[in-house]
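Next come two complexes built around chain A: one with chain B, the other with chain C.
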Partner chain A sequence: MRESQWWLISLGAAALMVLLLTVHMGLMHLAGLLRAAGVDLGDVRSFAAVMARGRSAVQLIFYLLFLAAALYHGLYGLRSVLLEVTPPRRQGLLSGLVLLAGLAAFAYGTYVTVRTFTG
Partner chain B sequence: MRSGRALRLHTPPRRLGVRGWVYAGRYGIDRYLYLLQRVSGLGLVLYLFLHIYETGVRLRGEAAWTATMALFRHPVFVFLEFVVFAGFVYHALNGLRLIVAELGWALGAPSRPVYPYRSSLRRHRPWVYALMLLSGILLALAAADIFALPG
Partner chain C sequence: MRAKDGLQGRAAAESAAAVVTVRVFRFHPETSAPPRYQDYRVPAAPGMTVLDALVHIKERLDATLAYRSSCRMGICGSCGMFINGFPRLACQTQLHTLGSLVQVEPLPNYPVVRDVVPDLEPMVRHHTSVRPFLIRKDGEREPPTAEYLQTPEELEGYLQFAYCIKCGLCLAACPTVATDPDFTGPQALAQAYRYCADSRDDGLAARRAALDSLHGVWRCHLAGACTEACPKGVDPALAIQLLKRLAVATALGLGRRRLAPQAPPPVAVQRRPDIPAPPPPTVEVRHGGGSG
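Up next is the complex of A and B:
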């Protein structure tokens, strides 16, 4: 694939992230405001609440999409920034390292999400 | 000796490295917004890796999870939570503006190149003001929730 296509995928991931991360941030960090608006979600960070959300199939799909989009967009940006200060002969190595880090993080995040789902 | 012809010296391009990200001559507000986009992005990537690790604590059981959440209620972590939220708000809103700008949307009809020129930066300037206003409102709401409201 051409570099411009990888970049367009990064923009697509960014657009997806705006939606998913807004929902995630709203639920996790703005619970007080939601409560003031009449929506009481309880303690969203308690162990019981976290495990209950983790056992939902909707949450499973949400988190896996979220994880993939976040890691792709974030690491593509990191790679873009680091490429500017990397000599040309080392740029392939940099891209490989960033890819490995992303795959490792995705594997671990998927493992945690699926283990929580399956109990 | 050649007359009437400028003497050209070959000078290598100025390589400023990372310093060039911050200043390389006359940068406008748009360039600094882009710099802040990069800084917030790098901060969020760092946070992302820590967050993926931290969410895995749940697999160690309720005691480990509760202890971790208790640690995150420390005022330093509460402040850092606000910083992460602020980084997300700015990065997301400015990112949307950059997507619109870089794909050439909402530029309006082309105009004749007659001085004073209306560059694409000038045409997109209202988006910058809207972004700052919206970021300020959302950050004020987030600060109210994270620092003031209970729970």
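Up next is the complex of A and C:
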């Protein structure tokens, strides 16, 4: 793939994160505001609510998408920064290492999310 | 007699001029002596440029000094130097604007051939890599078989980038070139845009490997130092941003534009008797497609 395509994916990941982060913030941290607006979600941070969300297929997809978008966007930016201080001969290696780190983090995050889903 | 008067007048002007110290970077690759700086005291007559000062040093003070120059009027781009910490053309830089101490060094980000002569090979290599010439998918080659039809608006789209004189100052100023020697660089990228934006050209796909890569347009941080350094008012930083837009539009399959058509061949046109016929070509001209 061309570099512009990687960059476009990074932009797409950022746009997705804005959407998912808005939902996450609304659900988890702005419950008071929502309540004032007439939407009462109850105690979203109670143990029972957290476990219920963990067993929801929608939440599973939500968190996996969030994880993928955040990892891609963050690691793409990190790679861009590290490329500045990496000699040209080692830049391919750097891209490989960043990709490996991303895949490992995604695998671990997926494992945790799926384990929660399956109970 | 007149020449003698001129020489006397020049000598009088020099004796009346302020004296500046020109500190020149000296390096000779065929000696074991390390690089050093050497000071010369030069009379700075009004209107004198840094290149004039170097000519004065070479002619009157030290014939071993090496520098590169040609046109003396900011057109050839030969005399790019690092003058008082900024890349400039020596022939366009007035001594009186620089104070009493003028430091002249070779351009950064290039190997040094000798003294203040840089090796511009990296710039030429990158320039060549972006294929800076008209590319047509219809097989038309230079010289074309007929005139291309281009509107003034289409010309405006790339004209400022065509003013590049390949002096290499932009690469010397670029912080990204300093950290990544494989970066295509502002000069080559601006020239790539100059051709990609030309309505007669259809070569973006052929240039994409050099442009849309790890060391292409995406390495630019938009520091803007190239634009600041350009002695001809070209804006390479803008060209790189426009190239990014082109690359993204191409990746999304957008932004196709009309390729300039060729004019129909003239019909029933006769040469005016007062206009002489052109001389016969000195090289064989082959029209049409094909390589070679």
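FYI, the second predicted complex is superposed on the first by the 119 of 119 C-alpha atoms of A that agree within 3 Å, B and C clash if a C-alpha of one lies under 4 Å from a C-alpha of the other, contacts with A are read in each partner's own complex, and residues count from 1 in each chain.
In this text, a residue touches a chain if its C-beta (ideal position, glycine included) is under 8 Å from a C-beta of that chain, and two chains touch if they have at least 3 such contacts.
Just so we're clear, the structure is a prediction, and the values are computed from it rather than from any experiment.
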item: Which superposed partner A:114 touches (first chain B, second chain C, both, neither); value: neither
item: Partner chain(s) touched by A:85 [first = chain B, second = chain C, both, neither]; value: both
item: Touching partner for A:18 - first (chain B), second (chain C), both, neither; value: first
item: Partner chain in contact with A:97 - chain B first, chain C second, else both or neither; value: neither
item: Dominant contact partner of chain A by residue count, chain C or chain B; value: B
item: Touched partner set for A:4, first chain B, second chain C, both or neither; value: second
item: Doubly contacted chain A residues - partners chain C and chain B; value: 85
item: Chain A-facing residues of chain B, complex; value: 17-18, 38, 41-42, 44-45, 48-49, 52-53, 55-56, 58-59, 62, 65-66, 69, 81, 85, 88, 92, 95-96, 99, 103, 141-142, 144-146, 148-151
item: Residues on chain A engaged by chain B in the complex (per definition of touch); value: 11, 14-15, 17-18, 21-22, 25, 29-33, 35-36, 43, 45-47, 50-51, 54, 67, 70-71, 74-75, 77-78, 81, 85, 105, 108-109, 112, 115-116
item: Chain A residues within the chain C interface of the complex; value: 2-5, 7-8, 83-85, 88, 91, 95
item: Of chain C, residues touching chain A in the complex; value: 179-182, 208, 212-219, 244, 247-248, 250-252
